[in-house]
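Each chain gets a letter, A, B, C, D, E and F, in the order it is written, and its residues are counted from 1.
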């Protein structure tokens, strides 16, 4: 197993450098991982795998990585590294996890394979689990939810992007006791961009069919409900729509608290929850064009924005939560969790703050 | 007042022709009215007004109407016509309605000025009403809701686009007794295109700022709630988001019936409600790319699509409703209502069935 | 072979009705043909073929045709019709044309298979021709170019969309003698929408990769050069870019006449060329937002717009030409040509005038 | 005048830190300057001015800068700084340049006010010049063209975005002698995004009108021709189209060399020209989706991509050049030039490498 | 629409309505209901019996 | 950030937190809260008192 190397950085300081590889390097989240790791001060990329583009340059798949001197390798020829990131479709990692631990000390998986704590949940929501013995060992990646358990974790399970947006939006209400398993209906109406579908999209994701849509793509029964239930203890009414953007997931949560809450309460709860979080912002009202959370404001970044509004009668709290599914919703979250796990500065490699104006990010 | 003329159509038949003018002809819905009326077999356009483009050709504002030999006239110089369509911002028609009836037998107003039946509602949701005496006389335009009261009506109030989408989606549930004032929360989460803001948009509707958004633009307190309450008898939790399309309004309604319903019940209710409606389609599940209602499927047309899905536990009904805000949500609805009011074929002038593929319509 | 039926139209007149089928009915241009034919007063659709969706409803592929009571049939089970439209990829029709004439009196082919008059051109630009004996019999569909040869034609070859835009833009200059084979360089820089790639697009046409592009997709050597050369007698420097729209082809032609021309000359030439054309408009300068031809102005219609501007020194004429590739650039052009061939009113079935505003059409 | 401070960076090294302000901070390029400067290791932002948003937070205009603790100040209350960046509309800086030099050692202007070397050119292309005495002192910002004159320059004039794209594309041909003042026509056909119009856009840049366009917005007579002539010595035939993206400028240059060139010649010329340039990439052919330069590949970055293709007969060279107008085309170029002028590492503050996938950037 | 062979009739399994199917449907074929659009599997012929086809989620989803 | 004059302190009317405002704020001026982004009206100076500014809905909406 590869030992942790101690590198000398450009300023002459000594800093930890970890070697890392990415399984699923031609994919969208795999490409995003490579982008982040390649300019991360504490990681050195060793391999990126692909079956379909074996031996091709990484820049051929990801034009933003044309400067990277790296070619895809076969996923069956993994070299020893400190950290192995896997960004494959659901079901792949659960079959290869033993193998992964043979070559790596730490495994960070972006698929759903290790997200749910109970094997039964995989029977209910997926097609069962091949390696249930790893489920207890796995830590959910989202630091805003699970920071205390990440240091030293060696199997990290990246959250689902829609689940992440929802959890970030609702957690402060749960923590404040405004929302709990006994509260009435919680409706979560999600809007997502086309990158959520991955790089291998079919007919529905072709440009002529996918442009300009508001398309109910998961009307009910979306698997991310299971994650939300597992980590917030809430059963939510979940519906996902495809809209015309490439990056972004936006969750609008409609909550009906038992007790009336005030705007000041909400400000206090949300500010309190996220004051020390390096990537979270509360955006709610105000002037100008960008008054509530929206994916454009966080596109390309690891930031999450949350905000809220009250119905005139204070009967309903509407919570808005916006992330970039490729960063905070997957690759960025994964690196953030790895930073915490390895004791690195939390924001290392994730400093990019986004652009304005930006189109459909 | 202009008498109804009897014209000879191209085939040598005799058919009713009504003269019509459009106040607010440079606007988006005004342009759409002109488009529909110009190729309507029973209407002859007399005037289109504009203060800002007085004497300019209509085609200068609306490139699709370059073939129309018509120039804008001053809104203060209205000629006598059979039907006057008004497509001005809220507040204009209520101040000019006496004047309108001096030149026209029938007034069809697309603004909110005559939509609500009670003057008090204008105090609550708007800034009061200048001509409350007209409120009783006004008929709500939506034929699917109010067909029986339209024949002979002389003041017709076009519905709001978001309200129209919502009402079309929920009415079958109300009629079937699945949903009523006593039912629990009804969450209506709406996504709309940029044409809803009209032609005079400010900073937030500039292309760089508006492209690719999922932007909560009416988090709570949207005025269309008043219409829904007035016509469906339901108080709904209403939130509107701007998304990246130009035409289209899509309402996702989350309903929690007291009694369990089945998919067969829902099919029966929706099919029954809309079987005889010339413009309504039930689209729910099935194969291919377009499995639920979406604005792309109805873009440019006067059609509305509704569909539904049930949560696995049958606890929640999710209703999807999609219209084009410029047609079914305003100008098309207005002409449809005028057709009914005047005894013309309902679909006259509204036959266009839409395009595939179409981008952001 | 199916005899021409004589139908009685809704007004009690007698009018010709022709039976028609569409080979390639799941495709984009096939769907557009079905849309046009289904509401065409003189056509009755008999069959639409598909190998992949045999027996499925047409509305499953094309949501705008949900009202059409028609299922796809196998392309090997063609029934007798008056007119057979074929909208298959290049190479299919040349192999089946004998078969087509066994079931139909008139064949209208939208592919490139019969567009070029000389078999040698197929050797040079394509992979040769299987049925060169039909090339002389075929008539190029574009009425603005070839109207006089269409009446009675029984094999009609629809033009390429980029070639159509270019030919419509340059023909008036050729006719006016401003441009000829001896003139210097003619640069044609084309921008097209994603529907041009057809319904079966690969990775490059997925929404995440195709959104927001300005992508040189045919830098040089585009096959439509051959058509332009064949029908205008000009060798042009041709480059095609993919841009973010679904429908539309826009050709910008940069011409350097030997002799100086004036704006008045140009107006005279273009107005003269297209004054009697039911689908052509000259748009050049003026006020408002839409001052030159653009695809948005003609989206969904069979219209073409052309316009021009002169360099300050009158050295260069820039010609702009915009069409919808799905209508004027393919299916609309085909029906227009069929109308002429059969002696029907030219605009029959093609009256839709477009929308404003419209997004990415 | 503010003296250069010597700061201690986070690693304990000593590094230069320069104070800087931005005039026109609410604008698009002003916001981009603030974004870059705020995370630039050698700059400290002192002021950002606005007349319309005086005292408001910078994050209210630019949501990506919400973390920045800065409020707009009045442009009339400029404090002393090392470097003053001005991002105002054409005509403002030429009237205030004396004042600027009273508060700053170095002035970097992004407008056209100091771009052209000759006062006469301002009479011809603009409305004359108020401070022609500064024209000689000004250095054109583009390092790829003018690196040798930038060190120590105290008045730097940022290039026009379309001119920048064109110059970057054609310069290697000029240097290689393939292209010169005597060569025949050079057609430059440009496609740009909506951010090029700045934050104050009118009716034509509203989302409904601007979405999905291919709109000739500068058919002939574009002012950037003057810059290209001044810096490449070429008179080009220049046409600019607005297309549906927010960021990006793409120039397609059609060149007809007197002598035949080969692809190998072109590769040699372009690779040679840009081998040592930190921001330039040659992209020409190859596999995958991104085979030629396109704005998506460089969106958000200071990179420029150039590529080329030959007509079959080697008669024409087509050159493609793509930049982000907000970075390489304005703010990034300005900071790059300031880096060179001040002797800082060229890429400081400009390391962001872009995203994949990205929508309409 | 003219066809050589007459359409066959069947019962829509969701709404119970009578629907028309092409004459050449085969057992195992997936065909969409003209009433609901739902994909139906042909379970038997003579009479034609239909059943809701298992949904191919992955086919469509993101 | 260097400024000639020191920022003034005030209480955010929504959260009660202490916030910094530019030295030159005037009565009647609308200024956004650095905490919540809400637009606040300066009601009085010395000490600076703030109130939520009436929302200009039309300014933004569609």
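By definition in this document, contacts are C-beta pairs under 8 Å (C-beta built on N, C-alpha and C of every residue); 3 or more make two chains touch, one makes a residue touch a chain.
Fair warning: this is a prediction, and the values are worked out from it, not measured in the lab.
If we define chain centres by averaging CA atoms, which chain lands farthest from chain E? Would you check?
In terms of C-alpha centroids, the chain at the greatest distance from chain E is F.
So which has more C-beta pairs touching, C-D or D-F?
If we tally the C-beta pairs in contact for D-F and C-D, the bigger total goes to C-D.
For the two copies chain C and chain A, is the contact made of the same residues on each side, with over half of the numbers shared, or of different residues?
Same: most residue numbers at the chain A-chain C interface appear in both copies.
For chain B and chain F, what's the span in angstrom between their mean Cα positions?
Those two chain centres are 41 Å apart.
Quick check: how many Å separate the C-alpha centres of chain D and chain E?
60
Quick check: how many Å separate the C-alpha centres of chain C and chain E?
36
Touching at least two other chains at once: which residues of chain C meet that condition?
Residues 28, 56, 60, 193-195, 199, 203, 208, 211-212, 244-246, 290, 294, 296, 357-361 of chain C each touch two or more of the other chains.
Out of chain E, which residues touch more than one other chain, so two or more?
Residues 32, 37, 60.
Quick check on the complex: what are the chain B residues that touch chain E?
Per the touch definition, chain B meets chain E at residues 263-264, 267-268, 271, 282-289, 291.
Under the definition above, what is the set of chain D residues touching chain A in their complex?
9, 11-13, 28, 31-32, 35, 38-39, 56, 60-67, 193-195, 199, 245-247, 281, 283, 286-288, 290, 294, 296-297, 300-301, 326, 351-361
So in the complex, the part of chain E that touches chain B is made up of which residues?
14-16, 30, 32-33, 35-39, 56, 60
Looking at the complex, which residues from chain D come into contact with chain C?
Going through chain D, the ones touching chain C are 184-185, 187, 189, 191, 203-204, 208-209, 211-216, 219-221, 237, 239, 241, 243-246, 248, 250, 252, 254, 256, 289-296, 307, 309-312, 315-316, 318, 320, 322, 357-361.
Taking the complex as given, what residues does chain C use to touch chain E?
Touching chain E: residues 19, 45-46, 55-57, 59-60, 69-71, 73, 79 of chain C.
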